[in-house]
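The letters A, B, C and D name the chains in turn, as written, and every chain counts its residues from 1.
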């Protein structure tokens, strides 16, 4: 089981003919992911890793029954790539590309909402359901199959959390990165709902960080959840008004919005278990399973 | 009774501050039409014929409960005027203006369909429900109150038909001009449905002309109607490939589309009564009432 | 307003749709220089606002240094009633494949439609009739040009992929944008040519601009106009006029009314000399000029006038008619039916000028009155 | 990228938003000529990328022939840490009413929002808090700028009608179009001034461009940049760097990981000297330069490196670090945790350069190792 990506996923790689798209496609295939085709406008008829490349997403749907996509095209082209994937009826779209103009993200997000498409990113490590497949750039060997769901705004930090879980024998059902940008497609709260409903998930970890209000928003749903939720929020020592790498990781100048404190308060109030540091996460999970 | 325009109509005049809008508003008021305000962007706060002028249609809805509009603005501005009227939730919009670019008409038509708005025109004489009011440029004294509905693509020709009805004592429930352009908002078939449902109408006259396929389309509904329909189609001697005044009145060069013959065949097959000339109309109606 | 091929191609070129190299000329003396600037082998194409010029012999191939003779012949031609004023001299193109691409306002459905077919160079209606599976259509939301991926999808149906698909998609996108931006009723490329070297070029251009949009669209140069002198004059007066071949002039305030009047004349065995629709802007001058115009058509012995006064001041119009008649040494027989605001005043004016006035509602009465008067003569 | 007032006003002017007449100067010697070209009474405004310059004394009024002294004083100022390089000299405006108009990307809701208030010239957040009924909002569909009538409706809520309403509506429309066309995150006019003569002018311009959109947006001139030298250098290297005031350098492949590392250092009672996030483009050179950069910050006695190899070739990064250390006479204490593809190879490289390698998963282990090493020193 797990969420978003499962045994029924048939994925395409948009931008598979590019350098990064090609390498990542190889790694995803090696991990066992069901990649069925690549899509690059103007490259239809080529082959990469023995897979056909089509000019358009619709054809991958027609020919291969594609229902998901992971996208590696440059920022200048990702808006069209995402909108096409949504328009073609894919259920899951993973936008790995970073440095995407926010006006483009607004369009992608709006289209995804209107069509009911899962849109991870932009600027996401992607999604992995250990043992099933991965659509994204996370190293597959850092995850093990299990029953803990992870929702993250930060790629490498979530790998660390998965690694800590592995050490005490807790594998993961699915890890989904929402993306590090200030505006992203699917928000934490929607993934929480999926995990709550997923019979393959026993508990959920939120790996959050300063900036934005997605953790606060998620708290609204945590109140109603039956499964335990553990949250770790990075950035308690980050200065306000400075952007910490991610375009999204910034505390407003007056220091009242998007702080670790405001997020932790909301989460705690909703019944989530707060980890002060990543190393506390596995213990908290184990205790409440 | 009658259709579109009745005792509950509270109309605005968009473009009432202009020369033609002002004169026509006066005549509509003199006819007894319930005109509640004028709307001209940039002229808010003025008065015309003792009625307030607002900058926007929304205000006329808020302040006066407006639910209909008749529009006299120049062709360059009518798209925005119509779209605003539709957006503001008016139920009936009468676009008298002629020479409107067809790409603008497509937008107006699409918006009206999406919102379920009656859009007469562009290039329509408007709508009159004798004894109740008129929104348009037809001379009020050429119509009498009664139970015959008229749908027309042509202004003056429909006045003549009304005049002939008056002579034998048959008044009109409502006359609605769909507009003479090749693309218009509300099509004949939709008005036919209203007349069929209107308890104040006993029979319907279609005053058609060459070009387009609205009469053929209307025939599809006439088959199912209980009320008698009489149709007169002008233009049997018009040469093909030449535009007869109206942008809409043109027979395609090969002479196979939009001819009087194709329309009459469709109408006859549907059970409509065909008048060879306007003077035959009253007799046919009387015979089948 | 129809654009000639070379004018349409200029629009294409300005909007990212590639066209063959070419020059337009108006006289034989320009032909040699134009041709040699274009290439060693050229095509000479007459510029007329009708289709079928190829079959009519309006397109010739020649070596660039031997164009003079061909140019002279072509410039002397008349194609379907249109004299040839201009030639387009183009590089000679050999297409590997000829396609069809068009954007049209479909007035019946009230949509803009993008049409594409891998079978071009022939009448698209014919292709649609004989091989409907070879014509691909996309209905366009008038508020938004479809995204490029939708166009790519459409073109791909025609059996293209890879680079050539991208090129065709780009051309389709540019053509759609052009049609929206410039208020085009028709923008057709037939054939759209694929060359052996991978180039894609518009082989022809059929472009029609919405006359109603000319207030916001400027086009360089002079476009094709109706060639009939009377119809040109009507355009200047501000009325719609179509020349016909009968002897009875028709003036009516409304297209439907005018057509009905014509129909009734024909039914009675007479033929109208014209269609004239005044529109809603009647003035004394407008009817003065309209009446004179109608009488200029040879053989007009009588005129029937059919007016309604709603927006129109018919009494003023009557003055214009009477003034025009007064200036004529031998005015035609005139019957007028005019109803509406100030009808009595209008009737008086007409009568004062010797016009027979009909006060009944039905146009038949006016036609009958006219025929009676003609019988008496 | 934040634009200075004069740059934002230039954008406004180019896009149909009227601004006061003005000239920008960089030195006192230009002041007199600039001022006299502008008017007899002028305003001198320091150009700094922060708000609140008025209260800080950064805006002065003067007669045009007496601007030299004021200009000299202003150009010598420092406002909230920013030295004043440029002055905008503008015609002196007396507003009858000051409004607020802004277009902002609201990242939380994921919408573009148009904000309007008849109460401008003050902090809009404050107006929103104190008089919420005086702030009018319109959420904008990212695919389509709202039609003018929707904007008119919004502005009308502020109590305007007639001509002035049309003017304000036009400015709102132009501002929205500008924000969409130019990928702006913020486009604020505060105050938007209504003058006694009916003119409407943008009194200030707060404009921020989306850095991510600079591949498709060109802006004339040089815009404001981070003034810290190390942060400038980081931008050139291609990493994100924020200077802090501690002694332990931080290098991490990921923002969340970097922040966590910082948090753990602080918890242990130490202070990070910086935030440095490598992004997904690690190369040997990138880490070589990053390491040198981190060590340039005064007082850095140790560095903690925290990497994951998914996209990133961490073994190459390690080589860069070791190379940089090799070039230093007195390299800092360095602890590295690096996991993922080729982790063993990476560890070997680090060890060869004298870096203490932590192979456990948790960042705490690396922090602990560093503190142990520091204790030993």
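Convention: contacts are C-beta pairs under 8 Å (C-beta built on N, C-alpha and C of every residue); 3 or more make two chains touch, one makes a residue touch a chain.
Fair warning: this is a prediction, and the values are worked out from it, not measured in the lab.
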Ask   = Minimal path length between chain A and chain D through chains that touch?
value = 1
Inquiry  = Applying the document's contact definition, name the chain pair with more C-beta pairs in contact, B-C or B-D.
reply    = B-C
Task = Please compute the C-alpha centroid of chain B, do the same for chain C, then give the distance between them in whole Å.
result = 27
Key: Between chain C and chain A, distance of the C-alpha-averaged centres to the nearest whole Å   = 58
Ask   = So which bits of chain D are touching at least two other chains?
value = 143
Overall pattern in which the protein chains touch one another (line/ring/star/complete/other) = other
Request  = Pull out all the chain pairs that touch, please.
outcome  = A-C, A-D, B-C, B-D, C-D
Key: Complex contact set, residues of chain D against chain C   = 143-144
Query = In the complex formed with chain B, which residues of chain C make contact?
reply = 105, 107-108, 110-112, 141-143, 180, 183, 185, 210-213, 215-216, 240, 242, 244, 252-260, 262-267, 272, 275, 277, 279-280, 306-311, 339-341, 361-364
Remark   = Per the touch rule, the chain A residues reaching chain D in their complex are 20, 24, 75-76, 98-103, 105-107, 109-110, 125, 137-139, 141-142, 152-160, 163-164, 166-167, 180, 182-183, 207, 209-210, 212-213, 234-239, 242-249, 276-279
Request  = Using the touch definition up top, name the residues of chain C that touch chain A in the complex.
outcome  = 147-150, 152-153, 156, 161-163, 165-166, 169
Remark   = In the complex, the residues of chain A that touch chain C are 41-46, 54-59, 80, 83-84, 87
